[in-house]
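These notes are about the structure you will find just below.
Chains here go by letter, A, B, C, D, E and F, matching the order in which they are written, and residues are numbered from 1 within each.
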């Protein structure tokens, strides 16, 4: 073998190879989170919308993938100013295959393509979050149009916090102390939740969600096993989300990403336990969907903190998140907002909690290893990092909520964003897509049309020109009788 | 007793049952999922290139076994509460004669079983 | 640590380690595509066949795995002549653990075992495609027998195109210009579709598919969320399929596989958009299953091209594939072929498109980096590569369709390949396997038999010898009362 | 690039990076097996318990994750004596980020965190197995309490066999010949099955499982596609389970893990074929769930053997496992044990078979490469290794079954471990969690409550304070009318 | 009016409804999924080692409320079109008396509602 | 003939059918899934913070078309076998008159079809 090893098998190239393996694989895990969202959301909504809700995840990820290639990646990570990237649009073969070169020199140990891939799946996750709160009543075109626009809003924010040129990254307003958001509690989750909130407010609640006396009604989802599958897929994918955010195999130390994976897992576990027992105590029943929300809220919270905190802090972050998920869902509903999946509490409140938790619990040594911000309150006694985190939340909150709200408001005025009442009652599967998600529950015998003369066939693209046969005889034509 | 059967749109199930109880005090119903076809146009479907109409729409069938004297009141309550205000599809209500109705748990006639038993 | 580092930790060995990680992980992602096919196919067919259709993917992957270990891998990648590998059958521990040694010297940076693993999952995918068009009516034994035979047919073709000894790889008839099929648009997808077409023709359409007047009827599948899950799993798995086909971490350059992953993702996204809007425009409704087919068709097409083309070309390839998927499905049906999942258009037509697209769009520099063929028409103005691609398609089409057709035709004559009419109506779950895929939809209370005297029990392997109890009393015996 | 390569990019650090990638990724694959168990088990049980059964996998993995971080990992892999680890409890940032240092010096090429992650997912799998046999009748609290205790029991055993300090690892009683259990046929699967058996015995069979005459009744599960999905996910995850157990990229040789993956795949395939044909011959029908059990039984058996045996032996191990799965399920039922998923036969009997198979088929060269035990009977003619394997099984059987039985027995006496009869009949979804797993099958219109005055609302945490509206009018408040 | 109920195999649903309309012009039906047990042998099942017979086979129940004068025609049309030509399992059709049938949307008697309303 | 309809808890389906056959020899039943609401309290549900009562519990509806002379026996067999011994929810059984019952396959009246046909 050794004779085959070319001169280019240097340690530098091996480092690129290992880092690229790591980043591509973790990107792929994050991409799979779309299946998690699809099944979590489909499971927690009604049967009549199941195909639509699951299917829209494919649609929005497709949209995000193209928009992000065209301009999003450049806005977010291309070289530029404090507020926006100004290079790297429609990246070419060269920009994507070279390592550590402008306009994507930030990615110093992986090719630009690996950077694109890792970052686009994050944009896709943020976009997936948006629709949780808008489920079961938004028009289909809204997914397309707002999907494009939100991808751009998102890219700007991620430039601020994650690009080396971004003002929150640099700590331009905070004496050089940068914001800590390891994998995006703020960038990805909180942002998604802000748009989700804007959407839920502008859409209004689903028909029947609030009674004639204004009190909230339960609208149970249709498939708890789907929600469980979705949650486990998301947990699985989060092992790409957080640990992959090292963007190399040596950021924080060789193999440090394993530590990030560990805090992630511990927090998620604590979140599940927290949600489970909070529900059991507060609601008298250990509601499975609340336990799942607890897991997800904890994963959201540890996202910012996973590289910065000690295991014990991961446990605290997780437990508190489990609590937040449960009471947050109840509180959001109590103020009259209809959020079918709980995106506002799980991704929004818990995203805020996780971002602030860095300011509380960041281990000084880890912050310094990662060269991002400084130690948190409990170690340093200083409120500095907490203030930076708070500032980031406030600014992102203002930016993303405002832009999302305005865009959706304009769309509402111009074209409407909510389906007609009868379509909502009938369900979006059949009204938007022409077919039930579970046809056999509504059409007694699918394909039971085959024996007549198609009086029910309104038209058909193409038709088959076979001759007429005796009525009621099943037809099996053409069979090659070889 | 009389059997009152009704076909209604599914979203009206709860409202109809409430209306019957309110109007007549009757408690006791069996609900069956159904699909129906009537004057109301079915749905235009599209599946993988075929555009077709399914005549069937989701409905529910409600069965109430009620005392003779309240039968008319039950029918009226259903008729009125089943009306959705939409253009079509609100279904039907009708009565049928029945022989003795037996309450399995006690073995007595249903009309003799006290509500609280 | 450094003191622990043995002398064998050379750069050559680290290259093997990294390449083996990469190839094994991507192989595993491809293996998972079986779940994708299982759910895509089960979702797009009827409830009465769901267990059978999902379950058969486990069966056929098991068959492919054994046959490929026994002879397929040797035929495909063992050293041999222009047409077939003649070594490496029943590979031993040695053949599988050594790196870059005969008979599998082609795999120069990974052990033979990694080669087996990566290639067997591809054979499994090709085989999975076959059954999409034969769904809901083929006899169970056909899966077993044709599964074995198709694995052999497939192995021969892959020798031609992927083995360094193969005549299409070498460009024996084309002046040394080899065929470009990076990850198998032709080898895997088109081949599977050819056998699928042969099967669909010989089986004939499902009962009721074509009316008494010969026009096609819709036979809706039973679960669109399943189809969505299947599609996302396939997209996920495709990140193994294409990028893993570098078979090392340095083919095309260190980390070049990230670029392959990026073209793959962009094409898939464009395919989803293409399918979505084609369906919306042509069929008036944005049919979810058509959007899913668009994604898959694009993934099929980019499979050949992913290493060779620029991002813009990936967008074009994807959009066109989305269009092909939709009109292909309609056209196939219009000529009287019943292809429940759309395998002929998604894997066949789009496989052809992707293979030809290399001849159009291959970037000369990338072709030369990968040492396979040359630049495409739009860059070079030369039809050479397009001709090579076309030749490959023609030859593989002739070989695989003919052999598949003949084998299935002989089986049809000898034993029949289609279930009896009443079994087809009843569904294959209960007729072939003895149990519904969703028992509770057909048996009012599963396990509601437990209180009687088993008049319904026809027999039972084993029985439990407890004493008789009072009638109608639930029995909970034996409970250890400790 | 090369100028960017720091001095720390040594071969030693690259080895750590590559090994950590490998171990983290494979750990993540194993974590995903929880989704596999959730869907396998939910699919093979009844609809009324589906949410509970799927959801409990999230709960128990959360429990295992926390307990294992607190004490389990220290007990299992912390430095200690022959029987138990006595260091490494509540591991800190340091213990988790350093490589090859006490108390986790055993992990010489990966950080402690990677060790934790890889080992905790194994504990989670063992725990998941337990509940298969206890499904559909155990009280919810049992999952919590026994989950904690079993994690401890498990950790002790894994110290014996996998820690370099453990007595079975060292072969303390067998002249230094250590037990071969590459990835845990005994440690993970057989142990889980032992607790499962204890649970099944103490719970007694489900209502209706055995008729009034004592004969067994079938209680079909509700969703065969779920079971298929679960099985494919498990097969997929097993590529983490076995190959990841090299714990580095060079154990057994650089890239040797690819060989382990290959024996795993071949055995699984043979198991599927074995189960399929055994069912077809013995039961007259190729029962899909039995084929799935065959795959899983083979994966269980090859777990111990995957690093030690030749491909031909993997085929034999798999075929025999497929046979064991089918006849084992029947036999367990025939002696009056109700094991809904077949855990006792699939994980228990096949775990024993796989462990013993090492003693039969271990290739001397591979055993010596892995420095664990020696060659098996067929190669060496010596019964030595077989005896060691047998001893391990006997001791683990005694320890795990006894402790599990005693703990569950005490719980039964103190608080009861089985739900009330009416709760079991109604189903655990609604009785334990307050909501059906598939609400729309039981509540005609979920959310159909929204138009009245909530006479059905018993209480609600929070309520929304909107004003009263005309009766029967759908309310959509508050909508921001912007 | 008369209630005509029929139990038929599911594949026949569309054919039976078409036949009724063709023969009598009647439109209006409610369809319910059912399983049935009759002269027809059930299915032999196998599940994890147990071989047993389920007596139940999938059927559909159709309910037609029709005018008295066409009742016989409806029954005849169902009887003939429900016949599948297979050896068994084609089900039953029967009539029952009903009281007034009310059309919920209009509140009128069903027989007085014009088809196009 | 007479139509005997019963609403029973689902776990009793097989037992009731067996009891009818044993007591009267009658074979032939159509089973429909239903949910019911009666004297029996519904279930307290909890979903994402809302605690509420669903009045509906799973039941099955059984339809037997039987000869006049065995109708009473069928009703009695159902009544007794449907009783679960639990505190509530065992449902009802009642009879209704029917016109001619036609056996689709043979086209004859049902009572004239020989069991073994």
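Operating definition for what follows: a residue touches a chain if its C-beta (ideal position, glycine included) is under 8 Å from a C-beta of that chain, and two chains touch if they have at least 3 such contacts.
Bear in mind the structure is a predicted one, so any value in this text is a computation, not a measurement.
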item: Set of chains adjacent to chain B and to chain D; value: A, C, E, F
item: Given chain B and chain C, the chains that contact each of them; value: A, D, E, F
item: Contact-richer chain pair (by C-beta pairs counted) among D-F and C-F; value: D-F
item: Type of chain A:chain D copy interface by residue overlap (half), same or different; value: different
item: Inter-centroid spacing, chain B versus chain A (mean Cα positions, whole Å); value: 44
item: Between chain C and chain A, distance of the C-alpha-averaged centres to the nearest whole Å; value: 29
item: Between chain E and chain F, centroid-to-centroid distance (C-alpha), Å; value: 18
item: Multi-partner residues of chain A (each touching 2 or more other chains); value: 10-11, 13-14, 16, 18, 21, 25, 99, 208, 216-218, 220, 283-285, 287, 289, 330, 333, 433-435, 439, 443-444, 448-449, 451-452, 454, 456-457, 460-462, 472
item: In chain B, residues with contacts to at least two other chains; value: 11, 31-33, 35, 45-47, 49-52, 55-56, 96-97
item: Chain-level touch network, classified as line, ring, star, complete or other; value: complete
item: For the chain C and chain E complex, residues of the former touching the latter; value: 208, 422, 425-426, 430, 433-435, 439, 442-444, 449, 454, 456-462
item: Interfacial residue positions of chain A with respect to chain F in the complex; value: 216-218, 220, 283-285, 287, 289-290, 326, 329-330, 333, 342
item: Complex interface listing, chain C residues touching chain A; value: 10-16, 18, 21-22, 25, 29, 46-47, 99-100, 108-109, 201-225, 228-229, 231-233, 235-236, 239-240, 243, 249-250, 253-259, 261-262, 265-266, 268-273, 276, 282-289, 291-292, 295, 310-312, 315, 330-331, 333-337, 363, 365-366, 409, 412-413, 421
item: Residues of chain A touching chain C in the complex; value: 1-2, 4-5, 8-11, 13-14, 16-21, 23-25, 27-28, 31-32, 34-35, 38-39, 42, 50-52, 54-55, 57-59, 61-66, 69, 90-93, 96-97, 99, 110-111, 113-114, 116-117, 120, 140, 226, 429, 432-440, 443, 446-454, 457, 460-480, 482
item: Complex contact set, residues of chain E against chain D; value: 45-52
